[in-house]
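The data blocks that follow each hold one structure.
In the two complexes below, subunit A is the common chain; its partner is subunit B in one and subunit C in the other.
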Partner chain A sequence: MVNPVLLIAVPLGLAFMVPLIDSASRKLTRFVPVAALLFNLILCIRLIPAVLENPIVINLGGFTPPFGINLFVGPLGLLFAGLISLAGLVVSIYSLSYIKNGPVVKYHMLYMLLLTGATGVVLTGDLFNLFVFFEILCISSYALVAYHGDRAGIESSIKYLIQGTVGSGLLLIGIGFIYGIFGTLNMADIAMKIATVEQSTLFVPMILMVAGLGVESAIFPLNAWLPDAHSSAPSSISAILSGIAIEVGLYAVARIVFTVFGISDIYLFFAFLGILTLLIGEMCAFAQSNIKRMLAYSSIGQIGLILFALALATNNTVTGGLFQLVNHTFSKGLLFLSAGYMIYRSGSMEISSLNGMGKRMPLTSLAFTVGAFSLVGLPPFAGFPGKFLIVSGALLKGEMVINILVGLVLLSTVIEGTYFFRVIQALYFKDGNGEQRKQAPATAVTAMIALMILIVALGVYPKFLADFLSSASSDLLDKMSYVGSVLK
Partner chain B sequence: MKSVFSLILLVVLGAGVVFTLSSIPFGSTSSDVGEYYIDSGRADTGATNIVTSVVVGYRAFDTLGEVTVLFVAAIGLGAILAAGRENEEKKKAEWEPASLVLYTGCRFLFPLILLFGAYVFIHGHLTPGGGFQGGAVIASAFLMVYLGCRKKRISRTWARNTESISGLVFVVTGLTGLAVGGHYFLSNFLPEGTLNTLFSAGIIPIIYIAIGLKVGSELTGVIDDLIEESE
Partner chain C sequence: MTGMEILLLVAFGGVMLTYILGRISSSLRNTFAVVLSLVLVVIIALMYDKTGETIFYRGFFGIPMVLRINSLSWIFAMTISFIGCLSVIFSLDYMKVKERTSFFYAMLLLVNSSMMGIVLAGDLLTLFIFWEIMSWSTFLLISYNGGPAIAAGMKYIVMSFAGSMAMLAGIISIFTAFGTLQISEIAAGMSSASSGFKIFIVIVFGIAFGVKNAIWPFHAWLPQAHAEAPSPFSAVLSGVLIKMGVFGFILTMYVVVGLGTYMSLGGAIFSVRSILLVMGAITILVPTFVALLQDDAKKLLAWSTIAQAGYIMLGIAYGTSLSMAGGVLHFLSHVVFKSLLFMTVGAVEFRTGGIRDLNSLGGLIKKMPFAFTGTLIGVCGLIGVPLTNGFVSKWLIYKSLIFGSPLLTFVALFGTWGTVLYSYKLIHNIFLGQLPEKLKDVENTPLSMKLPMIILSFTVLLFGILPGLPLRVINKIVVSLGFDSLNISLWGIVSESGMLNMINLFAAILAGLIAVWLFLRIGARTIPVKQDDNYAAGAAVPRDRYNYTVKFYDPLLRMISPYLRDIFDTFYMKIADLTGYLSNGIRKIYTGYVGNYVMYIVLFISLMIFVQMKWSPW
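Up next is the complex of A and B:
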């Protein structure tokens, strides 16, 4: 069997090697992320059968938990690791031609380290180790947001840096409290001992940790940094930040709330928070005239929806939430990638400047349309099964409060539909200035076509993914088997 | 209104923190994990410095992550400064040369500080200190030369290659452990040797030397970036 630690060690080693590779051959550098992520993707696919049978627990350094650090590779962790490699691979292919100026070598290193950090967060079984990888993820995204070195980029990067660092600080204080109370950092060990202490002492550490992670996962009211950061970053990075970084933050919140603490009294609070995040995100997105800011606010909305689905904590809704998460990674990635070249061509981020793009860049416009339809939840795209599972799963609970919240979800979908159709109308039904037709470069087109195929395939054959997601959702909800498989 | 609200929030949070802290026993040995490290740290890792046995033994994977955090921060800084430099015009400032006393003093102290830094990280498994501390000491020697001798600069290629190779040594050491030593990433595949001697504790000295060189060259790179920016 292949060892899952390679998912972290190989990209990390390659990232360290990039300067050496660059001094050997300039041309090779930009292919290093492609190679690393392809390796990870193949590894993830090879791990699927073994993980579906039993979660893989890897003791690092040969020390048994709780004394050493362990990796926990269950269906959920593998889902995220696979998603990170797949989205990362597609975006790294896109970047081959998109990133031409600036400190290119450093871009590729930071990009790989960002994804390595994300992979570490989703695979680790140790709280402090989670913090360390979380820092790698966050710091590389601060730097990449300011990649262009322009005023807007640096300003939003600093905003992001300040809020993110305060968040990381809160997380670290929370972890410190937990270590003080339980004397251990192993997530399974803490989860086992959680019932042995007074529940009221856990409140402050939990609030600190959730608030700290909430900054990165853009849960309202901790998401003020996101619209600026996601809109002024290079589009390839926006795609990764929206499609991977905030999802990984949400994973960490869910893992800590469900597995480590497992206090079911507060789930309803998170459901409300999710709906609030959803409504605010969608309404702000509706008011934007800048396309990238609109997409960024729409990411906030989607995170709210996924949080709502996870917080309902039934197998159906969590499966739906994860389906929506996969869909969001692909379709928001596609939207940012296609918007990237449309902005490049029109020279402006205003939606009005995209008038008539449907004729000037047919394929890119088609990609944008597919992404938008999928995000809104139209069949036969990947967004439909996700939203359907969430809504039907929530209605199955049969509680009045939740039915009202589901009504709000449907309302927000209408808002979402409205602002996306406004853009699509601009693309196809408005006349622009009659410029020549010119497509995006081949690498970008390849990336966009790959994402379109994935979105349509998942929309047509949802069962293929839904089965895997169902075991991922029991991985998240079944705390006892998590503890059991780590502390044998 | 806003300040009243902030004050109330602070008081509530403060009360919560005090309440939680009051339930945490300080100074007593409440932690099983901590006890275990103290009792079996030497036997498990062969390092007499227990902090090292935790940092590079039991939790070596965290240390790999922390080295990466510093690496990311250094590259990030370099990337932002490089991108910012492209966007603006550069004006060269004239530097006043340093006095003879300062110049000679720096040149005299420089090798001694390097030697001390190397001592700190090479003996990380025996005495207080380790890779991060030793690396910081080494970087301070370069900082002194930058400030005291003014015109001297390190070779960036040299620093970057040291950084890359030592990072790679850490990862490859881990992978070798995976391949030959008990099939765990970062497990010890070398003999533990006799306690309290320089050649003991298996892979720990190798990792600490790699960390020391990496941190030293990285922080020196950061100093170089910032000084170049301020010129």
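Up next is the complex of A and C:
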């Protein structure tokens, strides 16, 4: 069997090799991330059968938990790791032509560090280790947001840095509390001992950790960094930030709330928070005239929806939430990637400057349309099965409060649809200035076509992913088996 | 593979192939599109009188997705493919001068294919999926022309999307309540459900189908959308697409909820049935007179479509076998004559270079005799002149209403009076009166437009003289929905509230016409005058100075227009404005000052800890 540690080790090692490789051959640099992520993707696929049978627990340095640091490769972790490698691969193919100017070596290095951090967060079984990987993820994204080196980029990068650091500080304080109470940092060990301590004692560390992670995962009201950062980063990085970074943050929140603490009294509160995030995100997106800010706010909305689905904590809704998460990674990635070249061509991020793009860049516009339809949840694209599962799971609970929240979800979908349809009309049916037709470069087109195929395939045959997501959701919800498989 | 699977495969595969062929050669694509739509007509015709259900797909989380065929879905599928085929033929010349024709054809065929999917759906999930595909492809087609079409498309998709979200809530409620989505199984579960649940289902589905069918107060999207869409698609839109709402109503009320339950659902005064009837009546009354106000030919027809949907609604909601037959037959009649009218107006628009304004047209009768004849027959059908299909269907509706509900009958008749007025306005302002100088070089209708017009005109008369043809199929539907069978012959119908025999009427009218003709033959010879030779009390009227089509019905319009403000349109626009305003307010949460943002984080934690310490809810 292949060792899952390679999922972290290979990109980490290659990230620091990038400057060396660059000094050897300039041309090779761009291909390093592609190779590393392709390797990770293949590894993840090969791990699927073994993980579905039994979660793999790796004890680093040979110390058995609770003493050493362990990696926990369950279906959920593998889903995220696979998603990170897949989205990372597609975006790195896109970047081959998109990233041409500026500090290219640093870009590729930071890009791989970002993904290494994300992979580490989803695979680790240790709280402090989670913090470390989280910092790797955050710090590389602070730097990448400022990649262009222009005023807006640096300003939003600094804003992001300030808020992110406050969040990390809170997370660290929370972890400190936990260590003080339990004397251990192993997640499974804490989860086992959690019942021995009174619930009210745990509240402060939990809320500190949730708020700390909540900053990265863009939960309202902790998400103010996101619109600035996502809109001023290069589009390839926006796609990763929106498709991977905030979702990894959400994973960490869910892991801590469900597995480590498992206090079910607070779930309903998270459902409300999710709906609030959803409504505010969608309404802010509705008011935007800047395409990238619109997409960024829409990410906030989607995170709210996924949080709502996870917080309902039934197998159906969590499966639906994860499905929506996968869809969001693909569709939002596709939207940012296609918007990236349209912005490049028109020279402006205003939606009105994209008028008539359907004629100038037909394929890129088609990609945007597919992404938008999928995100809104129209069949036959990947957004519909996710929405169907979430709504049916929520209604199955049969509680009046939740039924009303579902109504709000559907309402916000209408708002979401409205602003996306507006952009699609601008792309196809408004007359732009009659520039010539010129497609995006081949690598970018390849990346977009790959995502389009994934979206349509998932929309037409959702069962393909359903079984895997279902075991991922029980991985998240079934605390006992998590503890059992780590502390044998 | 059953016929239905083959049908959908051909339909959807054809959409893709049409687009691909369009990249190679436009004439190849046109030929293929015509052949494809003819093949679909043939396949559906072969499925006549078949019933059956088949599971065609389990890939959606293992939920069985079912196709089924029965007389109800057959008649709808037949109509869809028939009008779809004619509109493709009509497009051949109409679209020649436009851009992105491959996109247009592919979308037109996609709309048709998804509508076939809707009517053949045997479970609500399949129905919903095809419903959404139909909605977004329609949106793309409505917006196709750009300019004012952008706003029209937006209004359509937002209302339609709100409707489908309501439908989704209903479908998933059914799924969680009964664990199945198959229509044949739901009916059994529904009979034991609480009446509150049933009313909820009727409301959410009512919103979804009401929006599509443009029943008052959900009609606001329709006039602009119909007017701004490309004319061949307006014919489909007005003819069949909004009738998906009718299909949905029949499905919800008589199949899902069930006839017996539907008739008694709700309270004594505010029963579901009476509310639907009142909505139907208002849908006839107001839009008919709004149609009178219109100066845009396609807008006039659009408002008329809403009004006619009211008649169909009355027939279906009334719930006797006669009214049901009337409602379904009127749907069929309306499809035929309204598509015909949109095509003739489209032909005029095509030949005059895009003029739809009724004030600047006139006198085209000699230039476009085919279009005139088509319009005349269509308008006769719309009014319900004997020997046209509209007469039979309206007769059935009046007859079933007249004893049970005189008020509704009066509303329906009153609406017909308005219909006469606006129909005359339409035909007069386009074809009669003087020919404006700028239109003197207008050419005759091209062949590809004549052909669908001839076929549709012929159908109007055929179904008017031999109503037994469609009624025989409709009777099967009526029986399958749980009503009594009707006594139908090829020439007409016998019922307890009266009998109709079209062959007698036909003979009488024929005799009358011969008498008039003979009289004119024998009498004094007529003197032909020029088209612009007007009677002006002996004074010479300069050409093009007076246009008798301007300000038609002006005194009447001035009288009624204050009562016809579209409250609901204003209301929806207010909601849209309010959402924009609110969003702009909420956006200000993100002030741009990082200090505020950090404060949010700290406040969030403080608030949480405060709440926990004060009330300790967790």
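Following the convention adopted for this analysis, the second predicted complex is superposed on the first by the 488 of 488 C-alpha atoms of A that agree within 3 Å, B and C clash if a C-alpha of one lies under 4 Å from a C-alpha of the other, contacts with A are read in each partner's own complex, and residues count from 1 in each chain.
Operating definition for what follows: a contact is a pair of C-beta atoms (placed from the backbone, for glycine too) under 8 Å apart; a residue touches a chain by one contact, two chains touch by 3 or more.
Note that the structure is predicted; figures quoted are calculated from it, not measured.
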Kindly classify A:F429 by the partners it touches after superposition: subunit B alone (first), subunit C alone (second), both, or neither? second
Looking at the overlay, does A:L113 come into contact with subunit B only (first), subunit C only (second), both, or neither? first
Report for A:V204: first if it touches subunit B alone, second if subunit C alone, otherwise both or neither. both
Tell me the contact category for A:Y461 with respect to subunit B and subunit C: first, second, both or neither. second
Touch check for A:V414: first (subunit B), second (subunit C), both, or neither? second
After the superposition on A, what does A:A287 contact: first (subunit B), second (subunit C), both or neither? second
Of the partners subunit B and subunit C, which touch A:I263 in the superposed model: first, second, both, neither? second
Looking at subunit A, which of its residues have contacts with both subunit B and subunit C? 200, 203-204, 207
Touch list for subunit A against partner subunit B, complex: 3, 5, 9, 12-13, 16-20, 23, 58-63, 66-69, 101-103, 106-107, 109-110, 113, 116-117, 120, 126, 128-129, 132-133, 135-136, 139-140, 142-144, 146-150, 154, 157, 177, 179-181, 183-185, 197-198, 200-201, 203-205, 207
Name, in rising order, each residue of subunit B that touches subunit A in their complex. 13, 16-17, 19-21, 23-24, 26, 30-34, 36-37, 44, 57-62, 64-66, 68-69, 71-73, 75-80, 82-87, 157, 160-161, 163-165, 167-168, 171-172, 174-175, 177-178, 181-188
So, in the complex, the side of subunit A touching subunit C is made of residues 158-159, 162-163, 166-167, 170, 199-200, 203-204, 207-208, 211, 214-215, 221-222, 224-225, 227, 263, 265-266, 269, 280, 283-284, 286-288, 373, 378-380, 384-385, 387-389, 391-392, 395-396, 398, 406-407, 410-411, 413-415, 417-418, 421-422, 424-425, 428-431, 460-464, 466
Once bound in the complex, which stretches of subunit C touch subunit A? 58-62, 125, 128-129, 132-133, 135-136, 139-140, 143-146, 149-150, 153-154, 157-158, 161-162, 165-166, 168-169, 172-173, 175-176, 579-580, 582-584, 586-587, 589-590, 594, 596-598, 600-605, 608-609, 612, 616-618
